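Two complexes are shown next, each including chain A; its partner changes from chain B in the first to chain C in the second.
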Partner chain A sequence: MLIAKPGLDGHDRGAKVVARALRDAGMEVEAAIQEDVDAIGLSSLSGAHMTLFPEVVRLLKKRKSGDIVVVGGGIIPEDDVPKLKRAGVKAVFGPGTPLSVIVSFFEKADKGA
Partner chain B sequence: MRDEDERKVLEKELKRWEETTLREALASHPERRKEFMTTSSRPVKRLYTPLDLARKAGGERLGEPGEFPFTRGIHPTMYRGRLWTMRMFAGYGSAEDTNRRFKYLISHGETGLSVAFDMPTLYGYDTDEPEAKGEFGTCGVAVSSPDDMKILFRGIDVGGVSTSMTINSPASAIWAMYLVMAEDRGVPWTKLRGTIQNDILKEYQAQKEWIYPPEPSMRLVVDTFEFGSKQVPGWNTISISGYHIREAGATAAQELAFTLANGMEYVRWGIDRGLKVDEFAPRLSFFFNAHNDLFEELAKYRAARRIWAREMRDTFGAKKPRSWLLRFHTQTAGVSLTAQQPEINIVRTTIQALAAVLGGTQSLHTNAYDEAYQVPNEKAARIALRTQQILAHESGVANTADPFGGSYFLEALTDELEEDAYRYFDRIGDLGGVIPAIRKGFFQQEIANSAYRYQREVEDKDRTIVGVNDFVVDEQTEVEPLRVTEASFKAQVDRLRKLRRTRDAKKYARALDRLRKACEADDNTMPFILDAVRAKATLGEICDVMREVFGVWEEPLLY
Partner chain C sequence: MSPVPSKGSRDSVRGLVASLLKGDKRSAGKLISLIEDDEPEAVEALTRIYPHTGRAHVVGFTGPPGVGKSSLINRLVRTFRSRGKTVGVVAVDPTSPYTGGAVLGDRIRMADTGVDAGVFIRSMATRGHAGGLALATFDAVRVLDAMGSDLVFVETVGAGQSEVEIASRAHTTVVVEMPLTGDVVQTMKAGILEIGDVYVVNKVDLGNEDVLVANLKFQLETRDGWTPPIIRTAALEGRGIDDLASAIEKHASYLDQSGGRHKREVARARLEILENVQRLLVRRVSEGSRSGRTFDKLAEDVATRRIEPHAAARKLLRSGPSTER
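Here is the complex of A and B:
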């Protein structure tokens, strides 16, 4: 699993909490770019998600890594969620999402890979 | 001797109560939980009595309002003299968009301005740079050039209103743009009042919006202290901020301890520069969070004032009482806002704002209920401002100083938080001081641990968050969206390109060259930054010079 903060936003509380929850659930978590991941969780609280999340999906496809599951979290207005899904972001975890929901999503993604 | 006798009487009385009235009550009505705790997971006892007050309680612990150690407030009359400044943090889109929002808030009764900048501005990039992609105006206003700054304050009396600017790594450049804007409008710098946040240490620890490594960053901060104390005497050249530390997950005690440790680090750097402590200490200001736990927050503010007064007077030898004062701004806790049932955030914000006011804040921002989704829309921002106005004019809490002073619980909590802070000061000292502790990831790890513990408590339902893990409803939330328009972006980029095209190229090149030399030497950078701004250099161009000279910071990664 790769947990990443695209763009400039520095707010990393959520990303770190999620990374730790995944690690506690027995997953191998990277917080920096590495070669081989099954899923990428993107966190953005600055409002740049509509540009940055689809851009990540686009670049993965371009590099023939379109099978990597991309999900997002952060401060994301509800109206944006369907648009992000259409752009290839598999799930969006907004504020207040239980860690257990995120962990089980990644576990499924892990098995699927 | 008499104290000892009194204590024995109290202990006996408490024991009697526990063995009779309390025991009977517990037998028939057990308590709701085995343990009770604050928002920061601090255990809370069933009852506080005079026995919980520190043995050394007395004059040096409380004092009167306006007197050392200022536990009860920095002004003798507190809000009977003047209310706190209602200062709403605002900014989105272009300078024009935010100028409109400022005027809207002023027209509804806000009494101070506070600028939220967008991410590229916070990182020292211009709107049209590749690094800024997708980030224009989303979480604040884009200010890339002196022309943007001019528009941002168009039609606003900058000699009359105080302006706070949340800007850190590029603080001196943004401040220079504000100063040049005032200069162009004929407002003397001596008339200006306001604050630049300029607190780089908490960026490394919590907020993570830095550019350069710690040492050159600290030099830039001290440059503003030195320059400000001589040229802009009404300006707070720093706002030493616990807010972001708390938002990143810290407990109240960590927020208190890390903020004051940072404060003392700035004082040391100022003194090392050769400045006299009484020259710059009166312009140091602070910024704290107001989270949900009313008494814990109140205790934090009171402990902060007491520790700061003591350290400034006794450790740093400040002679002016003004140097001993911890003056602070407060913002309610953004992190407490829920996306679920967002309207109930108004209630949370009210409780948090109440804590700030009871705690004697000098200025206050109240969050809007829609902020778990976006930068607030107009109506949400107005309700947030109204919350302060109701506290000020209807609740009665502004009628007397330190209304909860003397409460056994509050005084005990104030003492506890103070003790926790000193324990952290010792640990930071053992690590070699604030900057070595940053390099070792100490603050970052402490904060991450607290954030994770808090989240686990929510997950395990040890902590109830209304609307999130209990009292949940299944409904579609309706929040009126606030969107940054493509037209704003285009106008901003056009303005920026026009400025680069039409400025005096020779004057500009000369100013940047001189700035580079000043950075390489150890001159105070402020006069050179001001000249660069006068020569129409952009924020990104000024910061690029510094990036080249100072390098950039990369943090030790941990979670």
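Here is the complex of A and C:
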């Protein structure tokens, strides 16, 4: 499992955030492939999640690694969650998500293989 | 954990190796996992891979924690890339004994080189390797060798036995030191002066490196016609990296010209055969087989002073045909 906090957090201009996030997406995907992880956990506080998370999913598919599960966390507005799921993000764990929920998600994912 | 068929059991090993030989990184990643987890398919994978290895020049890096090995490797990777070489890196991470989860800190420090198509970085966790860390690490090196990496770097935590292990397997061993690390005696830690082919004094930006350099120079001896050079670097600033890359290349051509490469390969082969014998033996006696029962009985007999350990060992070795596959 690879946990990544890609993109530039903080007070930067939006375009810069997105550009950086896209560059980082490539790195996340490379790391996931080389380390042979089962899942990638992406955390975003910068608001770039709508660009970044689907980009990671797209790059994984492009590298024939669509079987690697992508989940998200951080500050993600409720409304964005269904969109992210449609884009291939398997789950979104916002602030305050009990650890047990996250653990049971992965246990289920493991069994449902 | 395997939510999806990502681990090798559901891929054919033959297919994975075929794609590996075409340079496919996903296959390399999966094959290393097979080996790291000591899956039953690992032996088949290594058997298929082995004939395609032997082309990469393997460079081992060792030195105390915090001396800057990761930063140095990061810079070196870039330098060799600019010289047109592809590079694989196998980094050995410390593992928390409490959680078994590796921090993979090396990848974080090497993030700069993570996206280059000619670079492959894999962190090995030191968690319970059935066959020993060194075996799994150098089997991972073979995967990257077969993938077509011109150079494979191995970074170990410079502690105790791992230093000697790396020197007996790498073609070139780079020992990394830094100034201001305690007293001079530390530099002369047993064995450290015998294992290096290239010595690096890193963090020269801290100053005070002359004492260490002089000390090393005084003690290092020429062996088989090679005098280990001492390279001054400041990895974070990128100073001395070109010199280090050239020293590594020079050692590689020295090995080719002197016949040293073949000598090292044979020495390594001896070591690896013996290690595998030991591994097979351990597996044999721990599997509840007939040998396992003999082992249990011998342990009981040794404990109750009916037989002494040396004799028990000979008896165990003679204990007949194994159930080994």
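Going forward, the second predicted complex is superposed on the first by the 84 of 113 C-alpha atoms of A that agree within 3 Å, B and C clash if a C-alpha of one lies under 4 Å from a C-alpha of the other, contacts with A are read in each partner's own complex, and residues count from 1 in each chain.
Everything that follows uses one rule, which is that contacts are C-beta pairs under 8 Å (C-beta built on N, C-alpha and C of every residue); 3 or more make two chains touch, one makes a residue touch a chain.
Quick caveat: nothing in here was measured; it's all calculated off a predicted structure.
A.B. asks: For A:Ile68, is the partner it touches chain B (first), chain C (second), both, or none of the two (neither)?
C.D. replies: second
A.B. asks: If you stack the two complexes on chain A, which partner ends up touching A:Leu52: first (chain B), second (chain C), both, or neither?
C.D. replies: The first partner, chain B, only.
A.B. asks: Which partner chains sit in contact with A:Phe106 here, chain B, chain C, both or neither? Use first/second/both/neither.
C.D. replies: second
A.B. asks: Kindly classify A:Asp79 by the partners it touches after superposition: chain B alone (first), chain C alone (second), both, or neither?
C.D. replies: Touch status of A:Asp79: first partner only.
A.B. asks: Quick one: is A:Gly88 in contact with chain B, with chain C, with both, or with neither? Answer first, second, both or neither.
C.D. replies: In the superposed model, A:Gly88 contacts neither chain B nor chain C.
A.B. asks: Looking at A:Met27, would you say it contacts chain B, chain C, both, or neither? Reply first, second, both or neither.
C.D. replies: The second partner, chain C, only.
A.B. asks: Looking at the overlay, does A:Asp36 come into contact with chain B only (first), chain C only (second), both, or neither?
C.D. replies: second
A.B. asks: Going by the touch definition up top, name the partner, chain B or chain C, that contacts more of chain A.
C.D. replies: B
A.B. asks: Once the complexes are superposed, what residues of chain A are shared between the chain B interface and the chain C interface?
C.D. replies: Chain A residues touching both partners: 31.
A.B. asks: Touching chain A in the complex: which residues of chain C?
C.D. replies: 1-7, 25-26, 28-30, 32-33, 104, 107, 111, 114-115, 120-123
A.B. asks: So in the complex, the part of chain B that touches chain A is made up of which residues?
C.D. replies: These residues of chain B touch chain A: 118-120, 122-123, 125, 131-135, 138-139, 203, 207-209, 247-249, 335, 337-340, 372-375, 448, 451-452, 455, 459, 465, 467-469, 476-477, 479, 481, 484, 557, 559.
A.B. asks: Mind listing the chain A positions that touch chain C in their complex?
C.D. replies: 1, 23, 26-27, 30-31, 33-36, 38-39, 63-65, 67-69, 106, 109-110, 112-113
A.B. asks: Across the complex, what residues on chain A touch chain B?
C.D. replies: Against chain B, chain A makes touches at 7-13, 15-17, 19-21, 31-32, 45-48, 50-52, 55, 75-79, 94-96, 98-100.
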